[in-house]
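Input: a single structure, listed below in structure tokens.
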């Protein structure tokens, strides 16, 4: 458990993106006691809707891209020290989808699988996956998280 | 307060369903301190959209079905002991609906009413009810929860 | 920091609305330890969808209207004493939108900016903004919150 999120992603063939900074009047992360609330991260560069322009495989790639941005926020929060991550409590997964689309769970696995591949048991989360009409900047997937941290710092 | 969730449901004419187990890399429930995060539960067997194929009454039945699955998760979490439930903090209610549909609160009551009928004051929750494009497996309603537990077990 | 939410809103040209009471079997606010969970508040009087009937500016006004109702709930929760507000942890912002709409963040700023204008640093929150098919009573925007309170009262 002494390697970093970036190390683990590299072994999986992913590069840790730059964590986005504060935008306007909201911030990427707030912390209340042991809980960190992470703002919704959209799938950078992957736009379109499931059931229309995108296949399930493309949706999974979009979910993984959103999860990468989420991991970048978590990495910054714990300053690269994965031992400070207690547990990913919950992922909220929003999939841009048509009314006819039914395979949201498969798309969501693109995010869930990457989080667990990188964080192991600490990454096993509760989740809610729904199909929405549209997402910021036309993104295909948006993922938010609540994460437990182990230290008591405020 | 010595009867179980199953007992109370039986008196209301409902049978407690089997709580679903872990699926892929996510789990039905995570626990952080006193808070339990329960994954979104879909209305088993009730598919379609409000404003299209389904009436409000059918939507309420779908919301109750999703709430039943939620109660099954809570029951398993507290091992049948309702006195361990502190408070249902929040329900997130997602209703598959057309753009023209407006009666989401009535649909949501199908979940809220059942949770309060079974858990009493401990079941009175904050909630957010929205209309989404589509839900996993074509479900009509999906409900997630955050629940306070009374004991200090991690 | 000795003036009230109503005072601050008045200086911004807004009037604090009446906080809505319990409806049916759910309540406007639950409190678990230091966390308050505030039910989704819809934009009273502003209906329609972004990308169809409403401009971005109208959407921002709707988001501000929903945030006003949220602030009314927070005001009632702290009995007018803003020093009891620790931090707004998270806003969930649901925008009724067409599949083609992309400017959800701009709409969401209508809520974020008002919360920060009124609460200052304590108001700077994590947020998730998504486009949904429809909202209760045809509302254009719905906003929910998780807020940290400073005192230890249950």
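We call the chains A, B and C, going by the order they appear; numbering starts again at 1 in every chain.
To be clear about the criterion, a contact is a pair of C-beta atoms (placed from the backbone, for glycine too) under 8 Å apart; a residue touches a chain by one contact, two chains touch by 3 or more.
Here the structure is a predicted model, which is why all the values come from computation and not from measurement.
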| item | value |
| --- | --- |
| C-alpha-based rotation, chain A on chain B, 0 to 180 degrees, nearest 5 | 120 |
| Fraction-based call for chain C against chain A, same above half, different below | different |
| Rounded Å distance, chain A centre to chain C centre (Cα mean) | 24 |
| Residue numbers of chain A (touch at least two other chains) | 35, 96, 98-99, 132-133 |
| Touching residues on chain B, where the partner in the complex is chain C | 34-35, 51, 86-91, 96-105, 108-109, 112-113, 115-116, 123-133, 146, 148 |
| Contacting residues of chain B [partner chain A, same complex] | 22-30, 32-33, 35, 37-40, 49, 52, 92, 94, 96, 98-99, 132-138, 142, 144 |
